[in-house]
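The same chain A turns up in both complexes below, where it pairs with chain B and then with chain C.
Right after this comes the complex of A and B.
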């Protein structure tokens, strides 16, 4: 069965909210494991894992250094070099935060790597107000690869005119200007042309839109979505009540 | 683009509703910030820090989404078409500069450029949308949507009041914007992430922590060191780019014509 894009978005979002609200290390680790298993089953793990690592490794390292070495609130000192004190509390805090963030990042990345962008855009634009948001989302996701190759072409063109990036800040700034100005200029020119074309097709006119792409939305999934959102709201409410009771 | 002559004009009630949503969004962001700073939740480094993380996340995100809902339908089509361009510039130039000029990350060039060309409302919408769309690849930027919206809005206000007409004023405006943006984004870094995402900025935070600061104070001080410099560079880069555009490209934007944002483009000259 294929999931409706909004159902998978609700699933990823409520997983993220519930993990944050629960703030328990075992749950975070379980969610991380489940997310990796899910992406391996759907065959997106090869693209997802490098993307997740690029986000999570620097973040985890930074947390480990920051709280592992310097944690003034820590009591149990494990080792000490001058100003730096390794405390058990600091390490536990870093580990807990890293696991919590890892679970949230993986859950959301599983959604964005598995969702079909045309389906998502069709669903969003059939719902009135979101038409413009759908345009921005779809346009960005399709522009990104095109522009990466345009940056490469501009660099080659400037190099064939004799651009050599030398060392030193001023040289690099000049090289940056030589490449950024043509890029920005061509993008703004394109946008002007696109405005005229979209306007001629009634882009900013009010009224309903017809989509050629039909995305089935079975009743069961609508109920599931409502249940997921209710669970997330309940988790937030429970956490806030517990904090109130604790303090 | 001239307004449509055949379609009905938007009712004033709709404009009032949008204004209300804008104000609600701004109030949500301000209230969340004030709550977090005044309450200085003690649970940030003791116990599970998740109640404050949830408040920071939901307050800032709700504010950013309200701003998008209020601003996006009212923008002219020429600004809406520029928003994806800005998002791509944020991502591509951010990476590009990151690989050539080492110490800064400069991920707001597109947002500030749109704010200068199309005004504060478009800048705010671009900043918030940029965080939301970028979170498709990197979910950790999502909580900073409110801060990015604020930077876009402030850049547009600076442009409207002529800060880009004199070349030396642009970095000053960037510096001030960076102070405000950094202070507002610091609670997100502290409560949601428990730190910063970069190793270099993490080292600065560690230095303040080793002097016994609380986590929020240490991260705010770190933001006050790196954000103003970062935004001053971004504003300068945007000024260079905006003046490098040919007159025809610059003057296609009503905001630039009406408020004489850039030097040498007097309102009488557009025809």
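Right after this comes the complex of A and C.
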């Protein structure tokens, strides 16, 4: 069954909220596993994993440094260098936070890699979202593929003139150095022309607009969305209650 | 010109009196002394060489270059009875959307029209209607009608990004006419269209004119359909130097500047027509040796994974939303072709036949799913495209895809340093620039060159390396007369020095004039 974009958005959003509210390591790890499995099944894992790594590695490392080394409540000291103490509690806390964050990021990435952007834009426009905003959103989601294909075109032009790009990440990274400046310049130039075309096609019209693309929204999915949102709200409420009860 | 006197039955829908138009930051005006009245139901051709100001005029008239933000206009624009005076202080502002409802514009680069966020040709066509809140049923009908007019019906569900050059142009025209503008301005619309496409567009224009649209075609080529225009306006260096009926302007020869060329006509070449037609005699002897380029049973289809250079291009294309049927289509089916040193072979065929795809196999940007590509007898299968490029120079269909540097000289020098001593590289770069007549523009930004200049610069980047095989994709498109003469001389001189030349073109007349041999690619097979 094809998911309505708002359903997948609700699913990703509520998963993120519930995982954060639950703050449970097993749940976070389960969500992460499920997200990776889902993306592998839909064939987006090749793109999703590098993106997730780019977001999560720096964040995870900073969590580790923050809590692993400087965790005031830490009692079980594993190692110590002056001010910095590695404590078991700190490491556990860092791991828990990192897993939570990982679950949220992966859930949202699975959504953004799997959603049909035209469907999403059509749905948002038909729900009264301003066309310009919907366009910006769509452009953001299509930006990475657009940049990738632009870099590829520039690289092909350069290869046609004798730039040898061998297989492997290092070679590609070295070659990208030559493509970065042309890429930025061409994107800027492109934006200029494209603006004129979009304006002339009434893109900035303040009035109402319609959508050519019809996105079916079956009743079952509407119910599912409501249930997901209710579950997210319940999770937040439960968390607040527990916190209050605990304090 | 001030064509027809204002009569009640044909009041112009769009008039312009441009005393001068200057881009911000430029000292000199790009347009001066232009008076234009466009009456309903007329076809006007604005003829001028590359760089004459045609595109600026087109964008100014169509609201793509609003005076004020884009540059300084002195004069007036009058649309549907409302006159806007500029240059007297407190200039009015043009609302591009409002203007665009009356005036449709198709720019020279058709891909610039695309919204980039629409998944199918049908949705792209409907984009303007969506913004005007047209009902879905009406939009669907309009998209289907427009697609039928332009022969795009079978592509309605295709990803716009997957269209060929000619199909993309038809889509851009569709986007401009779908809302029924009263004025339609097109910049080089016949460029890159095959014979059937040109005839189809000519019929479409006639239909629009009959329905009362004022159609303006900006062109540097006197394409056959323009002979039926009511008025020709000749633009030279930003000013109108002549106007009148086609018959009048053609009869008084000398009124058309040399930069404007007749459709398909090659420029007066060094070799006369008869000589070119029987050029086999001029081919160097000893053709029995290893051919400079040989394709043996080359097959290719977008969608069979792993055949593009490093296996990525194809994958992306499938993901790009093309239909499964398209994805599995075999574009090339067992292509075999031998090109000897010094031989010029032209590959013609309809739009979307796979001509550009074929050419990209020659230097390894695409890899065949079956068959082999040999350059000087060497199979290039295992070589990175960059290495194969030492012996093969490829001119891309869109020069903008080929140019990425900041100045023309840097552009030509890119990659030369890897092959030659720096002094020799510099010498070759300058030599190539002067071979294409751009010696004076070595510091110019490639994007600022006129279309013809961009293609010539791209050609210079190829020529500078003196490759054994020259592969040229639609080299005549957007070339004015002067540019075509330079191209022609460069191609003949390269072949004379022993390069094998494969050129892909939809322009059969040009192909016959320049090539020793013309082959046709259709339905994935090569005939001829």
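Keep this in mind: the second predicted complex is superposed on the first by the 173 of 247 C-alpha atoms of A that agree within 3 Å, B and C clash if a C-alpha of one lies under 4 Å from a C-alpha of the other, contacts with A are read in each partner's own complex, and residues count from 1 in each chain.
The definition used in the following text is that a contact is a pair of C-beta atoms (placed from the backbone, for glycine too) under 8 Å apart; a residue touches a chain by one contact, two chains touch by 3 or more.
Remember, predicted model here, so these are calculated numbers, not experimental data.
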Q.
Which partner chains sit in contact with A:104 here, chain B, chain C, both or neither? Use first/second/both/neither.
A. first
Q | Partner chain in contact with A:21 - chain B first, chain C second, else both or neither | A | first
Q: Figure out whether A:194 sits in contact with chain B (first) or chain C (second), or with both, or with neither.
A: both
(Q) Let me test your reading of the model: by the given contact rule, A:243 touches which partner, first (chain B), second (chain C), both or neither? (A) first
Q) Of the partners chain B and chain C, which touch A:223 in the superposed model: first, second, both, neither? A) neither
Q. Of the two partner chains, chain B (first) and chain C (second), which one does A:234 touch, if any: first, second, both, or neither?
A. neither
Q: Specify the partner with more touching residues on chain A, choosing between chain B and chain C.
A: B
Q: Kindly classify A:37 by the partners it touches after superposition: chain B alone (first), chain C alone (second), both, or neither?
A: neither
Q. Can A:177 be said to touch chain B (first), chain C (second), both, or neither?
A. first
Q) Touching A:96 in the superposition: chain B (first), chain C (second), both, neither? A) first
**Q.** chain B and chain C footprints on chain A, overlapping residues
**A.** 135, 139, 148, 165, 179, 181, 185, 189-190, 194, 196, 198-199, 203-205
Q | chain C residues touching chain A - in the complex, by the definition given at the top | A | 59, 62-65, 96-97, 99-101, 105, 107, 109, 112-120, 122-123, 126-136, 139-140, 143, 161, 175, 309-310, 312-313, 316, 363, 365, 384-387, 389-390, 393-394, 396, 401-406, 414-415, 418-419, 447, 461, 465
Q. Chain B touches which residues of chain A in the complex?
A. 16-17, 20-24, 51, 54-55, 58-59, 61-63, 65-67, 69-73, 83-84, 93-94, 96-97, 100-101, 104-105, 108-109, 112, 129, 132-133, 135-137, 139-141, 143-144, 147-148, 151, 165, 169, 172-173, 175-177, 179-181, 183-185, 187-192, 194-196, 198-199, 203-206, 236, 239-240, 242-243, 246-247
(Q) Considering only the defined contacts, which chain B positions touch chain A in the complex? (A) 1, 4, 7-8, 10, 42-43, 45-51, 53-54, 57-58, 68-69, 72-73, 75-78, 80-85, 87-89, 91-93, 96-97, 100-101, 113, 117, 129, 133, 135-140, 142, 193-199, 201-203, 205-206, 209-210, 212-213, 237, 240-241, 244-246, 249, 252
Q: Under the touch definition given earlier, write down the residues of chain A that touch chain C in their complex.
A: 116-118, 121, 125, 131, 135, 138-139, 142, 145-146, 148-149, 152-154, 156-167, 179, 181-182, 185-186, 189-190, 193-194, 196-205, 207-214
